[in-house]
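These are the structures, in structure tokens.
Look at the two complexes coming up: chain A is in both, with chain B in one and chain C in the other.
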Partner chain A sequence: MKSMSIRKIKNLIRSNFILIVIFLIIIITGIIESNYLSFNNLLNVLRQVSVIGIVACGMTYCLIGGAYDLSVGSIVSLTGVITILTINAGVSEFIAILYGLLAGLGIGITNGILISSINGRSGEAFIITYGMQVVAASIALFPSNGLFIAGRVPEGFFKFLGQGVMPIVIFLSIAIILQFILSNTQYGRQMCFIGSNMDVARLSGVRVKLNRVTYFAISGLLSAIAGIVLCSRVTSSNPTAGTGFEMDAIAAVVVGGTSMSGGSGNVIRTVVGAVAIGIMSNALNILGITAYHQQILKGLLIIAAVAMDILNKTIKNREMEHEKAYTG
Partner chain B sequence: MEKYILEMKGITKTFPGVVALDDVSLKVKSGTVHALVGENGAGKSTLMKILTGVYEATSGEIYLDGRKLDLYGVKDAQEKGISIIFQEFNLINTLTVAENIFLGRYNDSQYINWKQIRTKAHELLERLGFNFDVDRIVGTLSTAEKQLVEIAKALSYNAKIIVMDEPTSSLTKKEIEMLFPIIENLRSNNIAVIYISHKLEEVFQICDVVSILRDGKIVGESDINNITRNEIIEKMVGRSLDIEYPKRNSVLGETVLEVKNLSRNTKIKDISFALRRGEVLGIAGLVGAGRTELAETIFGVHPADGGEIFIKGEKTAIRSTREAKEHSIGFVTEDRRGTGIVIDMNIPKNITITKLNAVKNRWLLDKRKEEAVASEYVDKLDIRTPSVNQILNNLSGGNQQKVVLSKWLFSDADILILDEPTRGIDVGAKYEIYCLINTLVEQGKAIIMISSELPEVLGMSDRILVMHNGTIKGELTGEDMTAENVMQIAVD
Partner chain C sequence: MRTKKTLVLLLVLILTVSLISGCANQQKGDAPSAGSASSEDTPGGAKRIFMSSAYYTAPYGAPLQEAVQDKAKELGYEITIVDGEANADKQLSQFKTAVADGYDALIYWPGDQASTPPIVEYLNSTGLPWVALNTVVDDSVIDKVPCMIASDEVEIGRNVGRLMIEYFEKNPSDTKNVAYIEGSPGSSYTENLTKGMNEVIKGSGINILNEPQYAEYDPSKAMTIMEDLLTKFGDQIDLVVAQDGGMFQGAFSAIEAAEYVGKFGIICQGQDLIVKEKLLSGDLYASVAQDPYTEGSLSVEMLDKMIKGEEVEHWVVNPTGPIYADDVDNYSWF
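Entry: the complex of A and B
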């Protein structure tokens, strides 16, 4: 019995290894620099990760459903451009937001239809959404010839979205809602089945194609929300604002502990992953480590996260084999 | 004093908390085919994993040709003359036959002598009595041909012992007939074959000696001529099985499914039949005759492109699996792990997926309801599991199959299509599945049973359709349901 509990603790440490490492970085930084752990600084970090975090929430659904969505970064850029241009044209800010959301949703649905109509697995999804990323990124560049667009944003709802704690509130609300849906509804359960084994899902009478379209639609819609929040925060749009977001989002999901192989995951843990990465960058800034060196650490962190995921799975399988040997 | 090529002495293997093998001794002679039989979980695979270096025995010794052997992994065992051919082949589909046979051993010098490799591969296959193009890509070979490549690979290591794990489970009748001469050939080449199989007919046909494992112990060993089929089964299950196929008292009711001129491209052609409540309709035929394709068409996996389906008298177009489910059809597929269950999810999730609506409180899933459903089926179908929330991977094949059945019973299926319902499960569990089938038809369900095991189809069916080349070539009832008649129709 005692060995069981030691094994449990070991498992716990192993499956949270990345978070533990980050936690250690936080403590060390906190000791060196007392300002670091101040409420204001943490709030600041949270605000910074909100945009990426919203994108990562949608990405979590895609990964659980067994696919990647690489188009999210371009959707962030494109919705920003669309929304700011519409506002600058003097149209109601609600209409502008609606246009932005529809653009994201539209791209997401297109992704979804393309992928699920060919019964694409994660490889096909990877390439198709990458193609969409290139297309959407280019479209975002047209209106301003690739230049930054200053927004003539009046005081109001749109501006309110990016101010103060609003991005954090939006981010956390989305995460909570998504996690609730995931773990408590038919839709969420079917997502896990589709991500684990699409054939089992289909042969159990689940509407696999329709469900899969929705994962990309949600991812597109959330990327659009992220794009709008980002523009609102800086009251302008940069047509390359979202470049690289897809990888940052995947990193947050994976560091949070959602498996790359689909079928299981947790949106709240994605929040933890996103915040952890944010806190780490912040700590490295405070410690005076340059941006270039930070990228190296971030890259290594992601690789370590995936490696731990695989390692955990291997160990779990081995334990299952052993258990099987006596229940079998 | 007879000489044994292989002696395993006092092999014990314990896993945390359990003894998987308890003082097992096995002696095998050169030039014999030695059957190893036992229910799933009896310890066959553990024993073979020890023999091939995958596991290390907790205690006990292995002697090869009188010399004590220490094994460090599969590769080491292979080099020392012990090869195993698993059910799932260890071949690389994108490489050629010759490349596969000598995989990892291409070069003695710095450069690879492809010509020599191809010649050697060709010689090996010739030794087995086959003239074979060694440049063929393995992915394009049939299952039987792949098996041949595996055997050639074993020979290339100068194997003294070849372990075959369920070698015929995915072969057609014809291919099995091809395999047996190869095994004869190995025997005459003085190689010892350890033959693991559930199919006792084959054991009697090809093996010289049989060892029976139960609960990690050898419970019997005999020359094949001195033992009967029933004695083997008795030893395997530890009780006597008077009748292999339980009797039922079913009353045929109204027609629930009628298929008229059903076709789907070239896979199935012009299929017509009717199925009544309380009936088990067997579908026999060789692998590739279109039996699974027929099931998939009825179930909407690949919808029909011609013909009509009537369910309870009503004309119905089944365009998707969801529609099939809504018309109360259930489909237990032949590939349990691939398409039947999600192996790392628990019993409740695997059962309720077919009807999540029934375990909801308004909008949300109610996990207590799900557990209650699972408990109900665990009791009803006697699913043996330490707890209701067990992950499917921890259940035996037979119990996994009961979970698959449960999920369709839960979906209120009246028409159950069972494709190879007892594949890969042990004798005891098979019997339970048969009893379950009987209970279901007695309750008024209608069952279509596709099976490659003739005795099973003959023993369980009220009526048999024999398929050939995508069509129904014959129908057998009553006295006419004999193995000979089925095979007469099934082959060309």
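Entry: the complex of A and C
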């Protein structure tokens, strides 16, 4: 009886490792720096993670569906350049936003079609989206001539998107909608099916190609939204602003507990992963830890999260085998 | 069949990338292709200059490279500029290919001071006229460089330091607390600016509040850092210093969002348009000049003199100094 409850506690700790880490960081930093626990700082953290969080939500769909999308960072950069340049040219901000969204959606659909047309697995998706990352990054540099572009943005809808709690509202709304689709629709169930075994899914009559195109389309569209929110926040665009976002997004997804081998995952847990990384970065900044040490700790958190995920799976499998042997 | 399809697709992708990269900027490329025309084969026999730019995509790089192209065109040279990606190995191999390809003169924009010796030695061994641009080379090879066109980075930092002291003289306060946002960790440019600034402010009572925070010349990273600095230090801040105009833009967005505009001074370095705008609006106390266009233009002028066998100065210093709202019209903005 006693060993059962110890096992339960251990399981609880293992499966909520990230939440426990976040809680400890908040408590310790809050004791050292009282400003850390202020409401404004909480909003700061959520605002800071909202851009990468939006990208990570799209990446979650791709990873559950069994593929990586490495083009997301370049889409963020390209969308920003397109939107700011269009606004600076005096075109309506709604049209500018539409151009940005269409660019992201177009790249996402292209990724999806290319990968689906060759029945590409995660390896092919990795290379193809990497190729698209280079293409999109080059296109972003072309109109901006490599320069960071200060936006001549009037007060209005575009500026509103990056102000106050709007980035947080956009991020959380997207996460809730995506999680609802994932857990409550046939489309969501098919995503897990495709991610865990594409061939069996195809034989079962699932429209694998079409579904996979949609994962990349969603990822591209969400990266475009993230790019627009980012530009709105700093009212400028930098053609290399999204560099490295793909890895940060994958880190958020994995820290959140989505399986890197596909087939299972959760968008809300991705939100937790993104917030965990954000809370840690914010705490380290506030504690005055140098940038070099911050990177080490960030890396260690990601490694610990992956290790914990693997440990959980191994223990679960062992328990299932044990139960089978016991009942059989 | 499946492998064949994958290979075809990858080939198409590689070609597309090459094509778009090529179209995106005719001057950008990995390296000149071997066996292309030498100056004797080019129309009119124009001499050919090859430039490896370490920071092709940096905000400072675009006007600098534009100036190189404009001046080369004006003086009748053909110019090829490639992206060295701040990678010494890559830059060395680019130069080797360029030499094999028969270029007549070379421009070297190093990524970092410490990595310059092998490239300087190689460039000297080619016997071709060449100049170093923007980044001051390592002390061990500085005398071996035939001509260097660069700002004195430490002097830029000293100018920032002088402006900080001047700001506190004009705006006396009990504390002299500064929030300081730097460029890239490990970059000699970033370190030299900080070194120069520290030299000047030493003993002045100015206190840098934060541990080094690097925004890597990215406005959004600068914004995040500034938000955290405002959370930690808030009203304790008397002055914010950003190492370039892009980072100033990001930091200013955070300051604006937190409604701190006007509560402390801001100083930055650079000649970005946003800097001009905020100098004129009074939100920015001052900036420190470093004109990329002049620098790029000077590099081709010096190279032209060397090609013609004329004497050149060993170090042509790109002038630097403070810019205030009153004298924005005396400077170029990018």
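A few remarks follow.
Note that the second predicted complex is superposed on the first by the 319 of 328 C-alpha atoms of A that agree within 3 Å, B and C clash if a C-alpha of one lies under 4 Å from a C-alpha of the other, contacts with A are read in each partner's own complex, and residues count from 1 in each chain.
Note that contacts are C-beta pairs under 8 Å (C-beta built on N, C-alpha and C of every residue); 3 or more make two chains touch, one makes a residue touch a chain.
Please read all numbers here as calculations on a predicted model, not as lab measurements.
Once the two complexes are overlaid on the shared chain, A:173 sits clear of chain B and of chain C alike. Judged by the touch definition given at the top, the superposed model places A:199 against chain B, while chain C stays out of reach. Of the two partner chains placed around the shared chain by superposition, neither chain B nor chain C is touched by A:314.
Of the two partner chains, chain B is the only one touched by A:190; chain C is not.
When the two structures are aligned on the shared chain, A:147 is found in touch with chain C, with no touch to chain B. Looking at the shared chain after the overlay, A:92 reaches neither chain B nor chain C. Touched residues of chain A, counted separately for chain B and chain C, are more numerous for C. Comparing the two interfaces of chain A, the one with chain B and the one with chain C have no residue in common. Within the complex formed with chain A, the residues of chain B that make contact are 15-18, 20, 40-41, 46, 299, 301, 320-322, 324-326, 331, 333, 338-342, 344-345, 349, 352-354, 356-357, 360, 363-365, 385-386, 391, 393-396, 407, 411.
Interface residues of chain A facing chain C in the complex, by the touch rule stated above, are 33, 35-36, 38, 40-41, 44, 47-48, 51, 114, 117-120, 124, 127-128, 131-132, 134-135, 138-139, 141-142, 145-148, 150, 163, 230, 233-236, 238-241, 281-282, 285-286, 288-292.
Of all residues in chain A, those touching chain B in their complex are 3, 184-186, 189-190, 192-193, 196-197, 199-207, 263, 320, 322-328.
Residue ranges on chain C touching chain A, taken from their complex, read 2, 5-6, 9-10, 13-14, 16-17, 20-21, 23-25, 56-59, 61-63, 66, 185, 210-214, 218-220, 223-225, 227-229, 231-232, 234, 246, 249-250, 253, 257-258, 272-274, 277, 334.
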